[in-house]
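The structures come next, written out as structure tokens.
Two complexes follow with chain A in common, the first pairing it with chain B and the second with chain C.
Take a look at the complex of A and B:
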């Protein structure tokens, strides 16, 4: 059984991947099969999301039982999860109470985190020269300052045309070039990973 | 035997290790002539009868030197008073050792049966005296052979000599007895034997019928005395030993060590083959006592100091495994103060701009920001009542940046009386979309509950879900969040695929989500000519712009960040910014100032440190 199960998993993965791939090239022949397999995968993904939520609850439940430091946060999480599930289940995901929870807690918390991130990034940039004094550091800081100054007119100085054009050139030439390179690399990596899965070489599903 | 002087208490000769006491050699008190035992009372130097002087000298020449030395040594060493076994016992022992069974034929055999002595006598021309002769000689006052410990026989009386008794000269008997006694250990040391055997010299008269004993046997001749006297006075010259033998010679300085084990107190074996011996292991099973072997303690003998050191080591090792508590950092530190200052510098201008509603900073122009105009035109080209798919794939944290552009887009679509279908691939997208739609409807003055939109909810599976939505949206999202089958009623009853929508508006902050939509849904939209519009965050613009600038363009319109949203708002009639752009400008200006200040400070500090280092 130990030898049969991995082979069976590999066969299922390879056959499914080939069918979905063929559906792209031959939609008339393999289109229906492709849609069916994709539907199954979406159901599995939804169930995996539920399983992840359950696992999260179990982990924090065990953390409460250990009575260590940080257990209070686990208690808050579990209570919040339970209340949200109950209210959303009763009122619906877009009901008044659900939206109230979302607008009162989730949105302000996430916005606050991003605001703190902005302050931390500014503080880190201010200390960057002191921590890593190098020419690349100075180049990086100069680029940051130019992009910031060119993205918005200064409060007391107004828009500086030079800075705006330099910022535009930086965003569209070096940045886009780098982005294109990244996308090409990602695409090649995705193709390679897909081929490895289709050939059965990479078996991440074996566990 | 070596005729070297020894102390009286010595039991063995220091030079030749010959037994001096209790070995059967009963040395007379005074040195005697060789070849015979002279009683102490007798004066040495008596001359032998002249008739036998010649005979004596010839016989003396025939006697080997070692024999002479043996006799002389015994004559020299003084004999202490005997303390030990009585003379009777000693004589009995000697008799028991030397008596040998004799056959009847040898009853009158020669008294002396030693070959070498017989040979000597033969040379001397003497007949072997018989026992009777020996007995007669004794009676005539010849050499009296008195065994040790025996009572003195009355002079004249001749004890009957049995044929089996061998009459030997005294000195011969002494030699034999001493050797046997020494072997058996019968005579304890320190017990000088009795001088039982006394040789009394007779006048030399020989009675008729008596055994004629040569004088040299019984009497020490003057020639024997004289040579012995100077010999006793003058030690023998050492022989010329070969070198290897000389090397083997033990050092004379060494004194003999005492025996390792004193066998005097050992038990005498009374039975068995080792009977009579001392200090031997008994063969009797009872001698071997089977007993339990002793148990030894395995506990180490540890001193108090060692114990203390061990405890110290154990404590050190135990502390190594225990996590040491980190030192608590002070709350008020230069680092924390700097962070607070930076935060205040950033927050205060923003708050001031929002509270004051400042509009000092000019708004961005739509023609400057690429993609805004096309997006506006794409929406403007939509027919009235068109079905538009809106994908809310951004996080709530980016609401401040993107809500302005989304609200403008929703307002524009509401103005077109378009039917908006809301979907999302993020878990919080559905609530975000619902909340924004309600806000936009309230802003537009449209009451809630209107059929202006439908929220289909969350699409699981990520990229797979998008592919499923693109190929069969009815199968992936059959019902809305309210539980209605929206695909059965207008306007979605005419929608079979994503390409059937009039436009697809993607709202995302993540460039990967944008890429997934473009790669999975974009080809079908391009085939149908359905425009794909994008509202993104400023951070995703560089990664999404290539899709917009591609030929053919995969994205027909793009509104990036807050500036794009403000510019987009201006194209649709201008929505009030409420100080947002001024606050953004103030925040960016403050950030730039902080970064510049920090960089300049860092450079100055480094320069000072480098200067100080050079100076030192």
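Take a look at the complex of A and C:
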């Protein structure tokens, strides 16, 4: 059984992947099967999310059992999780209480983290010169400064036409060219990864 | 007019996929026959083996973060590469006291990471080392995912962090946590903004297609090296087509 199960998993994954792929090219023949399989995948993803939340609860339950300064955070997380599930379950996802939880806790915390992110990025840019001293680093930092100065009105000067036009050129010509190059690599890499899954070489579902 | 264009696009797409498949199979065949190929040096992958060895010797852990991309769309590709890295980490650190820990921001990726760890330990006849709580869902929104993964970096005696998957600008918070805990960060993402942030914040950034080469560099399978060659050939072909198109447009031959 231990040997049969991985092979059966691989056959199901490869056949399902092929049918979904063929559905894009021959929608008349395989379109129905493709929609059905994608629908199943969405339902399975929803159950996977439930299992993931159960896993999150398990991890923090174990942390509470251990002696450590961080266990108070795990207690807060588990209580918040339970309260949110109960209130959102009774009230619905768009109910008053659910929205109150979202607007009072989730949104301010995420905005605070975004503010920290801005500080972290400025600090990282300054540290980059020490971490990776090269011409590319200097070019990177000069570009960042020019784009920033060209994006906002400056004290006493207002919008500087030269900086604005340089920023526009940087955003439209070198940035787009670079982004296309990177996206080309990402797209080819994604195709290669998908093909390895279809060939049954990469098996993330082997357990 | 529209249906004809769609038909042409579909046929072109199918031909492209078949070309990719043909080249991958051809190079896999060559690779299995022992035909050696040269791959350029990427420092991030050179440091991978060193960091794994250091983690085993120092009794520390490796942390693999798989991002928050859904497997149901394009973002899943990067996460699948992350699973390959996780498999290699678990194998190479199999004799360590502390097994690798995985974080992700998507339920399916969490299940797949648990499955990867379990199958890796099973193949090593060490299934007792598998602990489902070593593969964790940390949060579904970008900031929640980062906020949940940061304590793992701080508190779990991490020696190196491998961040591979769909991760946006929040990757800066993970890199910062890694810097503060004096652990190495090797990171790659399919998100363009995330890649720009990685360049500034990460010790060893993997840009563009470098992330997708992970399997070939970490010695996962001959098919990984074959697909790397396929990508190289098609990249040059696409570059040639783009340049040709630009020249033809410049000359006014095509509208």
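Before moving on, here are some points about what is shown:
We adopt the following convention: the second predicted complex is superposed on the first by the 190 of 207 C-alpha atoms of A that agree within 3 Å, B and C clash if a C-alpha of one lies under 4 Å from a C-alpha of the other, contacts with A are read in each partner's own complex, and residues count from 1 in each chain.
Everything below uses one rule, namely that contacts are C-beta pairs under 8 Å (C-beta built on N, C-alpha and C of every residue); 3 or more make two chains touch, one makes a residue touch a chain.
Keep in mind the model is a prediction, meaning the values are calculated, not measured.
When the two structures are aligned on the shared chain, A:73 is found in touch with chain C, with no touch to chain B. When the two structures are aligned on the shared chain, A:65 is found in touch with neither chain B nor chain C.
Contacts of A:110 after superposition: both chain B and chain C are touched. Looking at the shared chain after the overlay, A:171 reaches chain B, while chain C stays out of its contact range.
By the touch criterion defined above, A:89 lies against neither chain B nor chain C after alignment on the C-alpha atoms of chain A. With both structures placed on the common chain, the touch criterion links A:42 to chain B and to chain C.
In the superposition on chain A, contact of A:197 is made with chain C only, not with chain B.
Taken together, the two complexes place residues 38, 41-42, 44-46, 49, 106, 110, 113-114, 123, 125, 128, 131, 179, 182-183 of chain A in contact with chain B and also with chain C.
Taken in their complex, chain A has these residues touching chain C: 6, 21, 24-25, 38, 41-42, 44-46, 48-53, 55-56, 58-59, 62, 68, 70, 73, 106, 109-110, 113-114, 116-117, 120-121, 123-125, 128, 131, 140, 179, 181-186, 188-199, 201-207. Listing the residues of chain B that touch chain A in their complex gives 338-339, 342-343, 346-347, 349, 360-362, 368, 395-400, 427-428, 430-432, 434-435, 438, 455, 457, 459-462, 464-465, 467-468, 471-472, 475-476, 481-482, 511, 515, 538, 541-543, 545-546, 549, 563, 581-582, 584-589, 591-592, 594-599, 601-603, 605-606. Chain contact summary for the complex, chain C toward chain A: residues 10-11, 13-14, 17, 20-21, 24-25, 70-72, 74, 77-78, 80-81, 83-84, 106-108, 110-112, 114-116, 118-119, 122, 132-133, 135-138, 140-141, 143-144, 146-148, 151, 155, 169-170, 172-173, 175-176, 190, 192, 195, 197, 199-201, 203, 207-213, 215, 221, 223-224, 227-228, 230-231, 234-235, 238-239.
By the touch criterion given at the top, residues 31, 34-35, 38-39, 41-42, 44-46, 49, 92-94, 98-99, 102-103, 106-107, 110-111, 113-114, 118-119, 122-123, 125-131, 133, 138, 141, 144-145, 148-149, 151-156, 158-159, 164, 171-172, 175-176, 178-180, 182-183 of chain A touch chain B in their complex.
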